[in-house]
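Down below is the structure, laid out as C-alpha cells.
Per-chain numbering from 1; labels A, B and C assigned in written order.
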Amino acid sequence: MTHKKKYTLAQLAELLDAKLTGDGQCEITGLATLQNAKSGQLSFLSNPSYAGQLKSCQASAILIDEKFLDSCPGYKLVTSSPYVAFAKATQLFDNSPIPPKGIHDSASVDTSAVLGKNVSIGPNAVIAANVSLGDDVVIAAGCYVGESVSLGNACKLHGNVTIYHRVVLGNNVEVHSGSVIGADGFGFAFDGRQSVKIHQLGGVKIGDNVEIGAGTTIDRGALEDTEIGNGVKIDNQVQIGHNCKIGEHSIICGCTGIAGSVTIGKYCIMGGGSGVVGHVTIADKVQVSAMSLVSQSIPEPGMYSTGTIQSKTSVWKRNAIRFQQLDSIAKRLKEIENSTDKK
Amino acid sequence: MTHKKKYTLAQLAELLDAKLTGDGQCEITGLATLQNAKSGQLSFLSNPSYAGQLKSCQASAILIDEKFLDSCPGYKLVTSSPYVAFAKATQLFDNSPIPPKGIHDSASVDTSAVLGKNVSIGPNAVIAANVSLGDDVVIAAGCYVGESVSLGNACKLHGNVTIYHRVVLGNNVEVHSGSVIGADGFGFAFDGRQSVKIHQLGGVKIGDNVEIGAGTTIDRGALEDTEIGNGVKIDNQVQIGHNCKIGEHSIICGCTGIAGSVTIGKYCIMGGGSGVVGHVTIADKVQVSAMSLVSQSIPEPGMYSTGTIQSKTSVWKRNAIRFQQLDSIAKRLKEIENSTDKK
Amino acid sequence: MTHKKKYTLAQLAELLDAKLTGDGQCEITGLATLQNAKSGQLSFLSNPSYAGQLKSCQASAILIDEKFLDSCPGYKLVTSSPYVAFAKATQLFDNSPIPPKGIHDSASVDTSAVLGKNVSIGPNAVIAANVSLGDDVVIAAGCYVGESVSLGNACKLHGNVTIYHRVVLGNNVEVHSGSVIGADGFGFAFDGRQSVKIHQLGGVKIGDNVEIGAGTTIDRGALEDTEIGNGVKIDNQVQIGHNCKIGEHSIICGCTGIAGSVTIGKYCIMGGGSGVVGHVTIADKVQVSAMSLVSQSIPEPGMYSTGTIQSKTSVWKRNAIRFQQLDSIAKRLKEIENSTDKK
C-alpha cells in the first residue's frame, strides 16, 4: 500500500513530540511493523518482546523508548510512549477518503434541520425534522438521522448508520456502518397470556470523543436516557441495553452484550464477547476477560473472569461430565476428611 | 424530557382499568420511576423491594397493588398488575414521531405492489415486485422489501431494514433498524475439497404481534420456512438459523444465537447471549440463563444453565486449571473411597 | 412452495452426475426432505439415521448412496455423495429473483467507476470513485461501495451492504444484507488519560468463492490487510478483527467473534458463538465447538472446547459454587493422598 503523504524525520520529530537521532532530511512515506517495514517507512517498538527484531528491521527510522536505544541501529525518534506516538503518526499518514462538503443531490434534508458549517451529507442520506448538526459533521451515504437528533461538531456517521429520534451525540463522535442508536429498549410486561410492550420514552445521550464500531446497537432508555460517557470506545457488534450508563473512557470490545439498566464505571475494559446481566453495577477500572459473564455487581477494581480453559474436546468432555458431579465430589471429600479427622 | 400528552387521573383510571384513590382532575403529563418522579408525573410500584421509596416519592400518583396501599401516601391508581398498567401507560405517553402517510418522492415502489390503506413509505425505501402491504403499514427510510413479500396490517419497519423475497409477516409486526429477514441459511455440502452451496429455497413466516430488535437476523429455510410464532419478542443482535420454529410468546433476549433446525416451544425465555446448537428441540416454558449453551434437547420446562460464576481472574485461573484435572480428581477420590471402604 | 423449474429424472441424472434407476421421463418440480416430500419432488438420504424414512417417503425419486439401494423402493438417483448432489440440485431449483441488468435510475455511480459486462446496480446503491466491478456483478438496493473498491466477476452484494474504501473482493463473492466490510479495526493507544485512535491504514482482501452472511463485520487492517482466503464461508453476525488471516475453505459459524491479528488455518470450522482472543494462531483443520473460547494458539488439528454442559439451574448452581472451591478441593485431595501414602 502506498501512502500519499510524506514527512521528513525532522517534521515527524516535531509533530510526534519525539527526539530525533539521525538525518532530519530523511523522508518517510509510510508506517509499518518492525517485521515488514521497508526503506522509507517508520516503524515502532512498543512491546519489548519484539526488541529482537530491531537489528534486522529495514525501516528508515523507529519510534522507540530511550531504554532500547542501544539495541537499535539506524535513525530513531525517541519518546517515552512509542505506542502513543505511533497512534499519532497513523493520523498523519491517514489515507481514508475525504468526503466532499455540501449536500448530495439525492439526500433528503428536512427544511427544519439546522446545519453547521462545512457539513457533508452523502447520497441518499435522510435528515429528519428538527435535526441539529454541528460544524464539520459528515453523514455518509444511506444514513438515517431521526427527528430532533443533535450531533455536535466533527461527528462522523459512516454509510448506512441509523439514528432514531431524540438521540444526542456530543462533539467528535464517530459511528461506523450498520450501527443503530436509539432503537427501542427491550421491555415488556407479561399479562399472564402475552407480552405488553413498554414503549421506550427515553433517549440516548452520547458524550464527546466517542467511537462506535460497525453493527453495534445502543437502545434508548425506557423513561430516562441511556448514557455513554466521554471518550468511551465501543467496538463492532456490541449491544448496549436501555438505561445503561457507561463511564468515561471505558472500552467495550467486540460482540459484548450489556443488558438493561447496567452501570459501568470509568476506565473499564470489557473483553470481547463478554456479557453483563441486567441491573448490575460495575466499579471504575474493572477489566472483564473475553467471553466472561458478569452476573453480580463488581464493587472493586480488578480483573474478573468466568469459563474454562480450552482443551481437546475428548479431554474436555470427561472433565465437563465431572463438573456435573462437583457438588457431590466436594461433599464426599468432606466426608473423608471428617472420617480421617476422627481417627 | 417533556411529553406532549396530558391525562387526568380520572381518564387514566379508566384507560388503565385501575381504581382511583385521589383527585380525578389532577393532571398527569408523564411517567417516571419512583426515585426520579416529579410533580405532574405518574409512577408505579412493581418490584416490592422498591416499596421503601414510596414515602419520599414526588409523583402526583402511583400505580400500585392493593396490598401496598397503606405504605403509599398521596394519590393512587390501584390495580392487580401495576407493571402491566404501567406498560399500557407508556403507550398513552408514547412520544415517538408519527410517520407521514403516503409514499415519499424518493421511494421506489414497483407498480405490481399492492398497498393497503394509510400506508407510509419513507425516503429511499424500495418495494420490489409483487409485494403486498396491509393497512397502516409503515416502511421507514432506506428499507428494502424484496419480491413477493407480504406484510399484514399495522406492520412497522424502522429505517434500513432488509426483507428478502417471499418473506411473510403477519399483522402488527415491528422490525427495528439494521435487521435482516430472509437471508440465505448457512448450508454447504463439503465435497472433500470445497464447500458446495445449498441454495435456500424456503422462506420465513412470522406470525402476528411479533417484535424484532435492531441488528437481528432471521434466515430463510433450506426447503421449508423458518417460522416465528405469534407474540414472539426478539431483542437486538439475535441470530436465528434456517428451519427454526420459535413457539408463540417466547422471548429471545439480545445477542442470542440459535443454530439451524432448532425448535423452541411456547412461552420460553432465552437469556441474553445464550446459544442453541443445531437440530435441538426445547419444550414449552423453558428458561435458559444468560450466556448458557443448549447442546442437547430439553424435554421439560424449567430453568437451565451452563458456565461458571465470576471471580477475580487470579482466583478463577487457579480453579480453571483444576477443571482440566477434574476427571482425574474424581477418579482419585473414588480410589480413596474404595481403599477406605476396604478397611 | 412451488418451484417454477422442472427437470426429467434423465436430465437430473446427467446434471447431478448420478446413475438413474427408474423412469427417465418422470418429471421433478422441486426438492423436499424425506419426511415431507410429495409426488413430483426429489428427496435425498445423507444422514443414515433417516434411512428408516425411505419406505414411507412420497418423493418421486431419491438421491441415495449405493449401499442403501435395497432399503429404498421407487426411483433412485444413485451417487457416492448424495448430500453434494442435493446441494447441486438446490442450484437447479433455485427460485430467488433474478436482478435486472443495468443501473437503476436512483443509483449514484461515480463517473470514474469501471463497470464490467452485465452488471446490475439496484435502487439507491452508491458506487464511489475509482471502483472497479467485474462482469455479472450484482449490487442490490441501498449498498454503499467505497472509493477504490474492487469486485471480481460474479460478485453479489445483497441489499444494504456497506463496503469501505480500498477493499478487494475476488471472483464470485456473495455478501448478505447488513454486512460491513472494511470498517476501522479497533485500535487505540492509551496515553494515561484517554484513548488515542490508531487510524487503520490497511484494507481487506477477500479471495474467490467466499460467502459472507448477514450482519457480519470484517475490519480493515491497521497497517496491512485483513485477509479472507478462497472458499471461506462466513455465517451471520460474525465479527472478524483487523489483521486477521482466515485460511482457505474454513467455515465460520454464526455469532463467532475473532479478535485482532488472529491467524486461522485452512479447512477449520469455528462453531457458532465461538471466540478467539487476539494474536492467536490456529493450525489447519482445527474445529472449535459452539460457544468455546480459544485463548491460546492451537498448533495441532483436532476438536477443541471450553465451557460446561447444560443442567437445571438449581443443580448447576451447586456445582458452579463448588467450581469456586476447585483449587482448594484439589489441594485437600492431595493432602489426603499424601497422608494415606505415609501410612
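Rule of thumb we're sticking to: contacts are C-beta pairs under 8 Å (C-beta built on N, C-alpha and C of every residue); 3 or more make two chains touch, one makes a residue touch a chain.
In UniProt terms, the chains line up like this: A, B, C = UDP-3-O-acylglucosamine N-acyltransferase.
Note that the structure is a prediction, hence the values are computed from the model and not measured.
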Subunit C against subunit B, contact positions shared by both copies (same if over half, else different): different
Magnitude of the superposing rotation for subunit A and subunit C (Cα, nearest 5°): 120
Distance between chain centroids, defined by C-alpha means - subunit B, subunit C (Å): 25
Sites on subunit B at which at least two other chains make contact: 106, 124, 142, 160, 178, 215, 237, 255, 291, 307-309, 311, 321, 323, 325-326, 329, 333, 336
Complex interface listing, subunit B residues touching subunit C: 106, 108, 124, 126, 128-129, 142, 144, 146-147, 160, 162, 164-165, 178-180, 183-184, 186-191, 193-203, 215-217, 219, 222-224, 237, 239, 241, 255, 257, 259, 275, 277, 287, 289, 291-296, 298, 302-309, 311, 315, 318-319, 321-323, 325-326, 329, 332-333, 336, 339
Subunit B - residues contacting subunit A, complex: 1, 3, 30-33, 36, 81, 83-84, 86-88, 90-91, 93-97, 104, 106, 122-124, 140-142, 158-160, 176-178, 209, 211, 213-215, 231, 233, 235-237, 249, 251, 253-255, 271-273, 290-291, 307-314, 316-317, 320-321, 323-327, 329-330, 333, 336-337, 340
